[in-house]
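By letter and in written order, the chains are A, B, C, D, E, F, G and H; residue numbering begins at 1 in each of them.
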Amino acid sequence: MNKDELKYFLEQVKNEEISVDSAVEKLKELPFTEIGDYAKIDNHRALRNGYPEVIFCQGKSLEHINGIISKMLELGENNILATRASKEVYESVCKITDHAIYYDLARIIVIKRKEIIKTKKNILIMTGGTADIPVAEEAAVTAEVLGNSVERLYDVGVAGIHRLLARLDVICSANVIICVAGMEGALGSVVGGLVDVPVIAVPTSVGYGASFNGVAALLSMLNSCASGTSVVNIDNGFGAGYTASMINKLNGDD
Amino acid sequence: MNKDELKYFLEQVKNEEISVDSAVEKLKELPFTEIGDYAKIDNHRALRNGYPEVIFCQGKSLEHINGIISKMLELGENNILATRASKEVYESVCKITDHAIYYDLARIIVIKRKEIIKTKKNILIMTGGTADIPVAEEAAVTAEVLGNSVERLYDVGVAGIHRLLARLDVICSANVIICVAGMEGALGSVVGGLVDVPVIAVPTSVGYGASFNGVAALLSMLNSCASGTSVVNIDNGFGAGYTASMINKLNGDD
Amino acid sequence: MNKDELKYFLEQVKNEEISVDSAVEKLKELPFTEIGDYAKIDNHRALRNGYPEVIFCQGKSLEHINGIISKMLELGENNILATRASKEVYESVCKITDHAIYYDLARIIVIKRKEIIKTKKNILIMTGGTADIPVAEEAAVTAEVLGNSVERLYDVGVAGIHRLLARLDVICSANVIICVAGMEGALGSVVGGLVDVPVIAVPTSVGYGASFNGVAALLSMLNSCASGTSVVNIDNGFGAGYTASMINKLNGDD
Amino acid sequence: MNKDELKYFLEQVKNEEISVDSAVEKLKELPFTEIGDYAKIDNHRALRNGYPEVIFCQGKSLEHINGIISKMLELGENNILATRASKEVYESVCKITDHAIYYDLARIIVIKRKEIIKTKKNILIMTGGTADIPVAEEAAVTAEVLGNSVERLYDVGVAGIHRLLARLDVICSANVIICVAGMEGALGSVVGGLVDVPVIAVPTSVGYGASFNGVAALLSMLNSCASGTSVVNIDNGFGAGYTASMINKLNGDD
Amino acid sequence: MNKDELKYFLEQVKNEEISVDSAVEKLKELPFTEIGDYAKIDNHRALRNGYPEVIFCQGKSLEHINGIISKMLELGENNILATRASKEVYESVCKITDHAIYYDLARIIVIKRKEIIKTKKNILIMTGGTADIPVAEEAAVTAEVLGNSVERLYDVGVAGIHRLLARLDVICSANVIICVAGMEGALGSVVGGLVDVPVIAVPTSVGYGASFNGVAALLSMLNSCASGTSVVNIDNGFGAGYTASMINKLNGDD
Amino acid sequence: MNKDELKYFLEQVKNEEISVDSAVEKLKELPFTEIGDYAKIDNHRALRNGYPEVIFCQGKSLEHINGIISKMLELGENNILATRASKEVYESVCKITDHAIYYDLARIIVIKRKEIIKTKKNILIMTGGTADIPVAEEAAVTAEVLGNSVERLYDVGVAGIHRLLARLDVICSANVIICVAGMEGALGSVVGGLVDVPVIAVPTSVGYGASFNGVAALLSMLNSCASGTSVVNIDNGFGAGYTASMINKLNGDD
Amino acid sequence: MNKDELKYFLEQVKNEEISVDSAVEKLKELPFTEIGDYAKIDNHRALRNGYPEVIFCQGKSLEHINGIISKMLELGENNILATRASKEVYESVCKITDHAIYYDLARIIVIKRKEIIKTKKNILIMTGGTADIPVAEEAAVTAEVLGNSVERLYDVGVAGIHRLLARLDVICSANVIICVAGMEGALGSVVGGLVDVPVIAVPTSVGYGASFNGVAALLSMLNSCASGTSVVNIDNGFGAGYTASMINKLNGDD
Amino acid sequence: MNKDELKYFLEQVKNEEISVDSAVEKLKELPFTEIGDYAKIDNHRALRNGYPEVIFCQGKSLEHINGIISKMLELGENNILATRASKEVYESVCKITDHAIYYDLARIIVIKRKEIIKTKKNILIMTGGTADIPVAEEAAVTAEVLGNSVERLYDVGVAGIHRLLARLDVICSANVIICVAGMEGALGSVVGGLVDVPVIAVPTSVGYGASFNGVAALLSMLNSCASGTSVVNIDNGFGAGYTASMINKLNGDD
């Protein structure tokens, strides 16, 4: 409720178009829905923007997940994105809807209820190695469900720089780039130095020994000398896809 | 040199418009300039985009800094941005140019040679506390020199959430937001949950004890539950300003 | 034995109401009970205050747990609280008593032998997300068995600040607040800034990547800018519930 | 503004006792004061409770500190507590007020404008060693200015347990205890096991080598086996004093 | 393509021996092969040097591994080395070739298609204990497949220095030495001080407690006082074997 | 071979009592035995002192363990101590000897072939809690097999200091003390301050959250304020028992 | 007060040889002395054993140090050992006594008031390098003042193992050994494997980069494969000397 | 002394060409020189190979440094290399020799007494930035004094990959490469993937925030995907230069 709406609302109170009691309730009422006593769906963004509803499944019981998704199905008509969903979660969700599609590499369930219109400009998603692909796919599927055109360029790590340079055309035509890499995590720096668009770096827990489950890649990316690069949490493909989508759709490309 | 330029270039070779020897040189020649044997200026972005030349002063000797800036002054007509510049660096730079302006809170020297045209949309820069202001100013001055309209909202940390909520109008009208915070670094999460635009979180080394010079804030920001948030290095105001500028000017707002 | 009791005791020795030998034994005797050679029950608090006996089950064998609980059952009439108890422990305990109740989310067994009288004032237990609920329940059940009125407010993380603000009435009416959160752990700071009562922050190991099993939340909470906040160990719901109870019952509310 | 006040306020709007425009302003107006563009004083707690105004000086310039204190002096009549204040800060503050008192061990400036009424019950502040005293004094002065009776028991570290046991009478008569210790930080555990009142443990950066500037003591305290113990940041004497005061004054002792 | 080749190539363009279009393709074409969209084989080194093709199996699916190896088998005649290969991977690979040999301690599959000619000079591989042998064997098999004579000297840790000194003859006759050790990782320092040849130290994750899965050994090796020692990642037997081979074959010993 | 023996030996060479060739062999021959190419038994201490042979089983294959023990059985008549031995290892060892005894809490196999004569003076082994007992038993069994009288005092953690003080008589009569504790690891400091004999502190990985698998206890013990305390690796019961035995038997008590 | 003394004491109460009031005082009185409110001297060990009084100067003000030493001088006749004493502290102490001797490498002040009788058996103190000598000297002077014969063997690091082996005679004749080393800290392991006496390892903060101020050496020493080795805090020469003295004098060598 | 020399030596004893006493001495005598009681010069390598004597100055007093260098000057005729030498050290050394040359960027003093013959093949030393040059120069001067031809290629960090690719000719003609980089430390990976010669990666402490004084670069380098890369300690230019020299001169290039 912005200033103008607030003014209009208070005038309605003044004019007795709205009773004081319902005004009190209205001011207390906020845009979310309680489910049992264990969760609160945030309708905020979805209602306004046609964004999909999102549920992060890891650490939640099957009952809670199904409870939340049932409520989402009941409440609106937006698409639903369930991330960090195991096969077992998918099978459970299938019991309450016929429309769930499972992206197993990405560990994402999509329940599509609305057509998705894609942006003209691309988000490019790159990986350093083959083992980084699951995190990259989490980013890719997220970005696609959010309405972005996505291009993939996998296994182009910096230790074989010619593989990356061979695809400079693809790299230079992207509007936003997501660099997914484990081990030494240098992909973001090299790519960030080649392009003039925002780069989102995603460290992955791929590696062994002194990779410390992604810490080496994380630190490397945070210390990137390439301007225009920012970083999300280790293995956070969803966050990268979501952020890239926000950026890609800014200033009118949707 | 893209595919078409390469084709055209090779046709010139074929038609003997360019000699083989100068073609060899041309293909070897890349867009940077060597200064002594200690630095290479990267003309790449500046030439193409009217971006300012940037020099990171920390860890460089006064001689090296002046050598690099002299070359920049000689080579082009872009603005020059010298970051992490102490008062002493500024005084040294004043010996080679009359046009240097020093932003002492931001520790930035700007040598302005071209008019800066500002974007219509704002980058909002927020801080959790008063002590985070120097890093915020580094981001602010960087973004301004890069041609962005910048709004400042300082000392609105989450431990006094009403101070932040009182300015929701400013927060909700920004196109990109930079959240600068030390200590528990929760500003990014709260802001990220309130808006639908990209948020860049900058942890600062402000704090003591278990803040570990910004590590607490960094981890907090990387683990933000708010989608659309990405992170840069501790105290990296420049990186945040640069990334925010890239995002703000994407898709045509310049 | 305080100074007055000591004086009285020594006078009894002097007056030969107590023999020297039994006085020696008395001074050596301390209020705990040995069980086999593997454990010592501390009767101290329980005897004096009607506090429940507490046993931390994690890392103890079923035999040891049953041995200790048997002794507790035999020795006194207080309630018994067994924390970090798996389903398997519960089943084992059922063999020696019919009165065990299992709170599976909280992983607590309660053997109730005395009526529990509740305080008039509330301990409020809040969580940032759904996955933090088990730790919150450990705190809640602990506080309840210790005789406190407990209110729950779950899934009100700071990335959706309106969900939290919508319940300001509940938050502001609590006497002590426990904030349970993983990820960026900022709940404690925001709540601590809203209220004037003690806040106990419990970091949880919920999260992934750079959450480092609760370290990010722990550091965030230790660095809270909100005065009046203190912190317990990662996932230490019991400790939070126990401390909150001590505080809630101080100065006469029992 | 609680529910009833809100209702009353809206009825005033309805009855035209308040104009819509001033109602809009009122709803937007929140209880803090802006000083220049660098700080916001939070009048919230102070106004309501007679709490002192608090300013954390570390990392702030002398100008900013004096600016903030001037505003505090102008705005209200509460006492003012300036923590982490160097001698230099004190001398600067003396230029704007004659009433500043400097506690040099505690590094605190107090500007007393109101009589402080002490609680009947004590906060006991203990240290492991002599070098922990500055942090303990920060806690002690804070608690005293907040209106608490404070008892000090210094240099009673666990490696000489008889020194501590010799003062059991003092320890057992406290209402809240603050344990300040560096090195192995075990004081909190031992004391926590002896008493039935809340213990706030403050790790200090005292020590060398593997004390890692207080990390060893911090971890030790977080892992305390003694129930009823919670922890604040390394060297955070102010936080401990403030929290202890909140607890000590709970349920009516003021 | 070096300078001379480039000159020659451009002359061919000029002389129309090569068409502009195929020249464009040629300049864009780089020496790797794409497999599906998940991997790129790097033919670079193998083609030039008769090096074996290498595939790191950990974190790759059986399908991907077989897909990559099939392509390798099809493309060239070099030997193939598959590292971090489980028994299960081996069995899967057996379905596509009869020539796979499995070194189970080393977890390496070798598909030998060319005779391996051994160097005259030795690489010596030493371990501190018996539990370090798997990593040592990874190094040993790698070095052997790359064409080196390899000598093994196992279980000669520094806590029994006489065992090591008893074999000084073997140690002093090596051309390159690989020291594989967990726990305190001191083998590299002692050996490095005894010889005048390059020593490659490999920390292993062998140990417990404060070995932190190899961190203790890694730090110990990085801090070695013995000049001429360098270090690879924890458990990185392959990297050590590969580096040692490069060094051993330098300046003409092949 | 000491100086005198060397002199005598060289005189034998001179007098041709020993041939040059066998002298060469003798000087090269060192007191250990090779088993296959995977292990070397160190006969050194055992031969000289009647110490038991020791084998650390963790990380070794059953074949290697049996190979080493067979050789030990064949070579000498000393007792054999196999530490970190699982039940499975014990069952495997039973196939090659009838004399193996398994201490399951301590995870130790003892093959007793010689009578063990106990010291007059005691090693006292204390634990903070019940869960620390397995590590304590590893120390206890080790010390006993090495010929020491051992006393146990378990579950006397510092959070219930009276339990510990109640047994001051036992504590003060020990010759060497081993303190085994996880969590905050303060036992060593308290005990070290009470006695005048060497204290060996063993941190255990018992705990959760910020205990970081024993790091909290380790740091606490390293920072102990009590003089006379030294520390071994996390969970290293064997090392503590062995060191305590060395100390206990020093200066003639055997 | 042991059991017999307690009995005797109680009989005195009974027989009215001691009044109840003075008995109460006696039981409360413990063997330490308060100095102002900032320190408590522990007379315990000194009174009983002729041990020197010890004061750790680091982090204490000159006034406090002089206050404590004055009291020590007044109370007894034992020698006084002031560790971590700067030159400035020494000069300050000279104002209150003429008998202070300053060991500048060791940073120790000794005030000798009693003859020191040396043990027959040696403590050997070794260092890895020249830069470790100050810590070694702290251990050496401590051990000497405590009445031990001390031998020094410096700069015998493992990277030049022959330097160490050349002095096997000295090493093998020691009763207790202290190994002081920074960098990779391997000295303890090598020495521990050579001897049958207790080894105390002292990591030093000597080194740079990944030595992390002694952490590398500390971890290396904790992970030593040599039985009989225990560790003290980084740079804790005093602790090593004190522990070694306790061990050296055990079982009657004094 | 190898087997043949030992045989010959024993025959001399047998033939009484050497007396038993001097034989005893000979066997005890090892190739190093003691200086006072604080240092031992290791003549080992220098005597045999014409290697320079090396002294690491950091952490040594001026007296010790001059003492050691004086002895070196007296003992042999090799060149002397003093690393980590401040200007102050240089001035002190000038008092005992006229031949000292100071390389201030490298912080190295060279005392040249013998002609240095350079290898035909090059060691190439690269840096990521200008601030890494001091460490690179330490490596360069070390390698040159050890007799290697050295090429420098500075400021070619991966964030401007074209700067590096422009010099592929230089990179590909090196025999050994040293990559010196701070921040994200990715230079080693990119270069390692481009060449077939050994790469030694040197992390530097250049950077800020999450570079953690070189830890980010160190981890990045240890996790390099490029085979043939090994790593030395943070800022260890000397170690890199020494190792590179060993490798460069292997198999006969000297």
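Throughout what follows, a residue touches a chain if its C-beta (ideal position, glycine included) is under 8 Å from a C-beta of that chain, and two chains touch if they have at least 3 such contacts.
Just so we're on the same page, UniProt names per chain: A, B, C, D, E, F, G, H = NCAIR mutase (PurE)-related protein.
Everything numeric here is computed off the predicted structure, so don't read it as measured data.
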Quick one: which chains contact chain B and chain G both?
C, D, E, H
Counting only C-alpha atoms to place each centre, which chain is farthest from chain F?
B
Could the interface between the copies chain E and chain F be described as same, meaning over half of its residue numbers are common to both, or is it different?
different
How far, in degrees, do you have to turn chain G to put its CA atoms on top of chain H, rounded to the nearest 5?
90
Equivalent interface to A-H (more than half of contact pairs same by residue no.) among G-H, B-E or E-G is E-G
Can you work out the whole-Å distance between the CA centroids of chain A and chain F?
55
Which whole number of Å gives the spacing of the CA centres of chain D and chain G?
39
Overlap residues in chain C, where contacts from two or more other chains coincide
3, 28, 160, 165, 209-211, 215, 218, 222-223, 233-234
Can you identify all of the chain pairs that touch?
A-B, A-C, A-D, A-E, A-H, B-C, B-D, B-E, B-H, C-D, C-F, C-G, D-F, D-G, E-F, E-G, E-H, F-G, F-H, G-H
Show me the residue ranges of chain D that touch chain A in the complex, using the header's touch definition.
3, 6-7, 10-11, 13-14, 16, 20-21, 23-24, 27-28
If you look only at chain G, which of its residues touch chain E in the complex?
128-129, 157-161, 165, 183-186, 189-190, 192-194, 207, 209-212, 215-217, 219-226
Residue set of chain A touching chain B in the complex reads 2-3, 45, 48-49, 54, 121, 169, 172, 175-176, 196-198, 200, 218, 222-223, 227-234, 238-240, 242-243, 246-248, 250-253
For the chain E and chain A complex, residues of the former touching the latter:
28-32, 37-40, 42, 44, 58-60, 64, 203, 205, 213-215, 218, 233-236
For the chain G and chain H complex, residues of the former touching the latter
130-131, 133, 152, 154-156, 160, 162-163, 165-166, 206, 208-211
